[in-house]
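Below you will find the structure I want to go over with you.
Each chain gets a letter, A, B, C, D and E, in the order it is written, and its residues are counted from 1.
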Amino acid sequence: MVSILFWPLLSILVLVPFRKQNWAQWVNLLLHLPWVFFLIELIKVTPSGAPFGLMETYGTFPLFKSALVLGADTLNVSLIALTIFLSFSLSFYFLGHSKISQSFLILFQLLNFGTIGSLLAADAFLFYIFWEFMLIPLFFLIGIWGSENRVYAALKFFSMTLAGSLALLAGIFFIVTKTEVQSLAWSELSRNAEMLSAAAPWLGWAFLLAFLVKVPVWPLHTWLPDAHTEAPTGVSVMLAGILLKLGVYGMLRWVLQVFPTLYWNSTDLLFAASVIGIILGSYGALRQTDIKRMIAYSSVAHLGFVVLGAISTNATAQSGAFFQNFAHGLSTGLLFLSFGMIYDRTHSRKLDEYGGLASTNRFLAFTFVFASMASVALPGLPGFVGEFLILSGTFLQKGWWVLLPLMGVVLGAMYTLQLVKGLVFGKVSPLVESHPISLKWNEYVSIFPFLVGLALLGLAPQFLLAWINGSIPVK
Amino acid sequence: MNQATDLIAGAPTVFMWVASFFAIFFALIVFVSSNPISCAVALMGTLFSTAALYFSLGNFFVGAIQILVYAGAIAVLFVFIVMLLDLKPQKLKNLPGRLPHFLFSGLVAGLLALFLFRTIDLVPKATEDSSASILSATQYAQYFLSQYQVPFQAAGLLVFGAILGAIVLARGHLGKKEHS
Amino acid sequence: MNEFFQSKIFEITSEQLSDLFPLLLLSFGFALSVIGAGLKLSSKFFKIIGILVFSLAITTWSFTFLEADSVVLGLHITHFSRIVGALVSLFALTSFVLFDVSKRYANRPEWLALLILAVMGLSLLPASHNWISFFVFLEFFSIPSYILAGYDTNRERSLEASLKYMLTGAFASALLLMGIALVYLCSGTVDYSSLQGHFPSHILSTLALAFLLVGIFFKMTIVPFHFWAPDVYQGAPMGVAAFLAAGTKLSIFVSAALAFSETEFYLRNDLMNFAVIAGTLSILVGSLLAFTQRSFRRMLAYSGTVNAGALAPLMVLGKETLSSGIFFLFVYGLTLALILSAFSSLLKNRNLDANGDLDPEELNLKDSQQSKFQSFILAAGLFSLAGIPPLPGFFAKYWLFSDLWAQGYRPLVMWALLGTLMGVAYYIRIAGKLFFAEKRSVII
Amino acid sequence: MIATGQLIFSVAIFLFCFGALTFFTKRSAVVALMGIELMLNGVNLVLVQAGQIYKNAEGTSLVLFVTLVAAAEAALALSIFVILYRKYGTLTLENFRSLKG
Amino acid sequence: MTDVLNIVEAPLSWIILLPAAGALLNGLFRLKSTLNGLLATAFCFAAFVVSILQFLKFPEASKLADPGYLWFQAGHVKAQMGFELTPFMSVMLLIITGVGTLIHLYATSYMSHDKSQARFFAYLNLFVTSMLVLALSSDLIGVFLGWEGVGVCSYLLIGFWFEEDKNARAGIKAFMTNRVGDLGFLVALFVAFAYFGTSSVSGIMEWIADPGRAAALPVWVLTVFALAIFWAACGKSAQIPLYIWLPDAMAGPTPVSALIHAATMVTSGILVIVRLWPIFATQTEVLSVIFWVALSTALLAALMALTQRDLKKVLAYSTVSQLGFMFAALGAGAPTAAFFHVVTHACFKALLFLTAGSVIHGMHDEKDIFKMGGLRKKMPWSHVAYLVGCVAIAGFPFTSGFFSKDLILTKVFESRGVLGYGLLLLAAMLTSFYMFRSYFLTFSSTPRSHEAEHAHESSAMMIVPLMILSLLSLFVGWLEIPHMWGHLQYFSHWVESSGAKAVEGHEVEAATEWLLMGIATIASLASAFFAYVKYKKGPVTSSENFAWKLSFNKFYVDEIYDSFILKPLRKIGTCLSLWIDEYGVNGTLHGSFASYRITGQLASIFHTGSVQSYALLMLLGLLVVWGVVNVW
């Protein structure tokens, strides 16, 4: 497990000597191959069942009552697979891209290292370190390579996520100073979870706050549109693809499985927040004139569905929520990627400046429409599978309350079609006219895995569902 | 020398009253007068009256040190500096500008005095046992050099440092220009 | 007369000598540097002497670190005082190596002598066992630091800084003295262990403690007494500022803690409340002031106040919980030295005066392009001060805050966490400014 | 009538507070330093009085140290004042305010 | 269930894969001229052949099944992508693929000079695939896959000429209205999985059939399930609340309207209800709801069609009205009548649309019938086809329309009494009136515009499908003749054997049946003659009275929807989101930051720089904190 975690660090060391841009880009691509090999090894050995089925300890810090413990089960290994998938296809996109310099790639690998670390960490202290470490590469990635308003977006993103994780830190302090708890390892925490949750009912909320900010749950989501819009394409794909899912993973792993009682009595508030998030997120997307902000707000709505599933008591909605992570990751990732390719050439994000892309570049128009259909949860594409499971699970549990999020399905279609009409259909706008888009070979190759993934997960998702159903927290 | 013991215990002698009156009087002059020279002289006055107080309390060694070192050396140093720089008397011209500052600092100092005076009755009385007698100079020295030997040497180095510093600063600022 | 000299005081056994060896070494170094200054030797001589003396001191102190405590000539040499001695000489070493002090003040080489004096004072302070030696050692290192603060002769600011530092320092030590006098008045003794049992607890004693705390908190730059710090850090030469910020805080922190635990003052809850109030105040006021500062070095001074605020309660808690405070100050000291040295070379690249100052708003991308390595160090240092993992600052803050939480200071830890969050506004923003292109973001 | 101890103590407080007051309000640096000396005198008075009450030498030794430190400080301060006077031509503390904010 | 179910394994998935392959190929390769069209037609024809083979298996097998594969399964939801074919659905299959092939052929020449034919035929084949998935899948969730697939294809096809903004907006309107309808289908699926444990049609039928389990269900489950399915059907088959998208869907190419908005997609609502008929049969209140909604749709649409000037709009409203007839039959408890009308309607409405297409093609895309006229001589074949279509839809004796409409009317008379019958008869009269109005305005009297003079007949490839469809429209009716005339009742046999028994209303003896038939025929002939009289010489400039304006502007339904539902919802939502996001959360963030900065600046005022004020503040600080410590 440690090899898959420390591979990004190693690839940074390898990247350092390559100062020239396209050398660095090619090396970055080649460095992904062993990473995939390690992933396959890990998948072969990952158990699906009890949380952190496979646990490995590499060293202890008695001073901080913590240890370098890495744990794997299908829950986090599947997310690692998604990370590596996104990073691999992005590395194709980076080839020959003018703005992708060596330092960008180094920071990108640092971000991967942080993500994989927080996924694998089975010790609260270690998890916290990786969780906050991700902030640094992201802060610089958005701040240096972002567009106009990037400094504001980077700082806002940094301070809101930091505020959330400081609440987590307070929770960790409370646990550390409890004498009964020998160490901060996950198993240790869950062993005396009753004692801890009895002692401090606020502990659940302290842990939850850090994750609610990261999964943008409704009131805490205002950093997302800024961060996603200002971030460069590669980073916004990773942000939408995997980093939002870390919040969901955190909720399931570190709150639901550790403090179940606290988690369950916070669910009705979370239900209200997620439903409002779905509806207001969709309306937020409707009112935008900037394309990337529209896609960002759509993520708020989709993540509202995921949280809706994650807080339900039946297995259908839970596995639907976790599956939706992958569906949303691929569809929004593809949306950002394809628009990123358009943006690289036209450098404008205003929707009314666009129009008639279908007549100039058929393939990109097809990809964009295909991705929007996926994000509108059209049956036959993965979005539907996730959303259907979530909604039928919610119906089972909450009865007719399901009609509210159901409205989100219609609103989702509304803003996505508005986006597609503005960008792809309609008369050919002067901007699109003057910037003919001819995709290079590596851009085709970077889009191709997304298309195959979406089609495969849409029509035959059972291979993934069966794999992750084992370790879904609620049976 | 035991009659000295009851000096602290007994009622304050007339000499004590006179000395403390002078001390307070001179302190007032230091505060009030705008001419630095009169301040310096008033400071020397306070020093002498406090030395007198020490004698009245029976601690002749400290009184002597006070007169020799404090009044003799430091106060003289002040007078010397005032004379050297022949500072003109500061006419309190922009008094109104500084009035709020005056009032405020008066208030704070008064508050401090109030707090301290409130605790005056907690000041312990002298113990009547006559066994412990007023120490003589040798006893002070013996105790001082044995208990506080390292601080004493440190104080020596401290003074050396101060002199060294004074020279360095003076030479630096007045002497050659350093490269910027 | 001779029985006076036979008294136990002057017996020095061999291993006691090893305890005193570093101090003797320092005084020998002091003597050498003064003679050297007199003989107008080359600046390299002083650099070598300095490095030799300090590194030898560090090695001896750290070797004898694990030995048992011993009482030598009235000094209680404990492993705390040894660790403080080692760290203070380390800070002194870094302060003059990183900032090429020797080349800058070639024709006034006395800086080494003064620096050694200050280091001696700082390392003796934790070894003091009564309030008198506490006061003397305190003054012993203050006087040289007043001079060092004013050492940068060609800038008026440095003179003004030393003037301010000296006047407020004198005022604070006068208050400290009044404290010691009142302690003596109340209990009749100034020795820590004899003060243990019979220190009355009436109004006068509380007032005495309050005055005592003034002198201590003044040096720790905790809020009601922090006014001098920004001006002095801005005026003093870079190396001195770094040394002052780290060395004095560490030594005062440890010696106050030792004093309060020896005299068992820490059991009094008025002392505790005083420290907690002052600590919380300094976290809040420090963060507030650090944010809107027009000068990089003043911002660092206020961030020092914030960190000191978190240390305040630990200081009055006595011996057991010192290790986290020491580690924190150690990391803080080194990071601060790195940041200031990077900052001064950044200034040099902007061909400003190396000891000068800069408005953090003016830092921009050009700086990081000109001095790539320094801006990297500067950003890493700022992130470490902000306490972002995996940098050492985070582990220091984590250990410190969990200790505070364990001692039950929950509200203070909450304030400290809020302080870390407010830290983003100045640490991270300035670190970001270095690397982000000019476009000022809308709000921040 | 008040006891000697209380008389001495009140004189000491008076000196101490008046020293502080002079330090705050006096515009010339030298006189401010004199204020500090006054405060130290007050402290010395308290020390001597306590020394007499408890009949031990702690107080006296601290007085000695205080006097010594006061001397060192005065020497250093006055040399700085001389330099300031040479450079600025005045010693009023108001115009040493360039470091602020 | 009368006879023992004899389920036969059959390669049904092939029927779907063929058009899917066609769609893929067309999508990938842009071939020269009409090759794309021919390729698409070939694949559609292949599917037609395979479905004929399956159809022939039916006398002995009662149901064909193909298990397919497990789509997804988690918790209590198990979605199986399997296929099954019942007799009546196999007939529908023939219609979809048969009429589909004809329309593909027609479209090949109709779109011959369009520049992105490949994309068009890819969408068309994709549409046929999803329609087949809808028809064939065994699980309701599979049906839903087809259901939304068809919705997307109609969105893409309506907005095919995306250059004009109104086409794209019409496409969105279609997709959004379908989406609102699909919410009903989703609710039905939730109820199915929650209470029946499965979504497969046969599984649900077993659940209903077993009295023990049926009793255990809460009473509202079946009603809600039925209503939800009906709501979805309204969305897809354009009934009252959700019909507004169909008239705008005419923005797409005419073959699209023919295939999607006449023959296949709009009928999917009826197909699903007929498949789930055992549930609907027990729900009398739901049936009456269906009946009255259908009746009002039929009447309303017919009234709107009276004054339309655009030929395709007239046909669109007539489709809505005919769908009203079908749902009225369902409401009257006669699935056979409904299905019979679906088939006949598919034939003659496709015919009408295709002829309209060739007329508009001939008239160089001029749609306004007031500008046409006298095309009888110029376009003889289209004229004949259009005449046959009008005759069939009006229900002239012995045409297919006559049989199916008459069957519906008698069934409605049996179950809903005279009032229902009367209103439906009125709708039938209106239908024949506006159809013949459009016939006379386009074909009789003299050409009224430049295009009309130079109109030319369409090519053979367009005429052949017209002729085939005309034959079908005339003779399909004979498959289901009234009992009195003989025993040719194939449709009832097909529908009953698929498990959809009609609701037993009181049988009507032969005499009244003859009477009803007579009245219906006389009514349609009279209104046709009336239209002849009114429009023989060309458009009559009728006075713009209130009724006319009401009908012409489609009863202002679109405007009502916009002003009362769509615009307010959007306004409230966007303002709410704007207020909470920008001013609420961001506001507090920026506010707290600004106050943080201001207090910072305020605090820095204390640092005046003068040493004395420092000492003063220090002492003051000491006294204040010391005071607080003592007081505390």
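The working rule: a contact is a pair of C-beta atoms (placed from the backbone, for glycine too) under 8 Å apart; a residue touches a chain by one contact, two chains touch by 3 or more.
Nothing here was measured: the structure is a model prediction, and the numbers come from that model.
Of all chains in the assembly, those touching chain B and also chain D are C, E.
Between chain A and chain C, the least number of touching-chain steps is 1.
Chain centre most remote from that of chain B: E (centre = mean of CA atoms).
Geometrically, the chain at the heart of the complex, using CA-atom means, is A. Per-chain Cα centroids separate chain A from chain E by 38 Å. One finds 66 Å separating the Cα centroids of chain A and chain D. The centroid of the Cα atoms in chain C and the matching centroid in chain D are 25 Å apart. Averaging Cα coordinates per chain places chain B and chain E 104 Å apart. Residue positions of chain D with contacts to 2 or more other chains are 9, 16, 19-20, 23-25, 32-33, 49, 53, 56, 61, 65, 69, 72-73, 76, 80, 83, 87, 96, 98-101.
For chain C, residues touching at least two other chains, in rising order: 132, 136, 139, 143, 146-147, 150, 159, 162-164, 167, 171, 185, 188, 203, 207, 230-231, 293, 425, 443-444. Under the contact definition stated at the top, the residues of chain B that touch 2 or more other chains are 101, 105, 108-109, 112, 115-116, 123-124, 147-148, 151, 155, 158, 161-162, 165, 169, 173. By the contact rule set out at the top, the touching chain pairs are A-C, A-E, B-C, B-D, B-E, C-D, C-E, D-E. For chain A in complex with chain E, the touching residues are 156, 160, 219-222, 279-284, 286-287, 314-320, 323, 356, 358-359, 362, 373, 378-380, 384-385, 388-389, 391-393, 395-396, 402-403, 406, 409-411, 413-414, 417-418, 421, 424-428, 459-462, 465-466, 469.
Listing the residues of chain B that touch chain D in their complex gives 5, 7-13, 16-17, 20, 23-24, 27-28, 30-31, 36, 39-40, 43, 46-47, 50, 53-54, 57-59, 61-62, 65-66, 69-70, 73-75, 77-78, 81-82, 84-85, 87, 90, 98, 101-102, 105-106, 108-110, 112-113, 116-117, 120-121, 123-127, 132-135, 139-140, 143-144, 147-148, 151, 155, 158-159, 161-163, 165-166, 169-170, 173-174. Looking at the complex, you find that chain B touches chain E at residues 101, 104-105, 108-109, 111-112, 115. Listing the residues of chain E that touch chain A in their complex gives 69-77, 81, 119, 141, 144-145, 147-149, 152, 155, 159, 162-163, 165, 168-169, 171-172, 175-176, 179-180, 183, 186-187, 189-191, 193-194, 570, 573-574, 576-578, 580-581, 585-586, 589. Of all the residues in chain C, the ones that touch chain D in their complex are 132, 135-136, 139, 143, 146-147, 150, 156-157, 159-164, 166-167, 170-171, 173-174, 177-178, 180-182, 184-185, 188-190, 230-231, 234-235, 293-295, 298.
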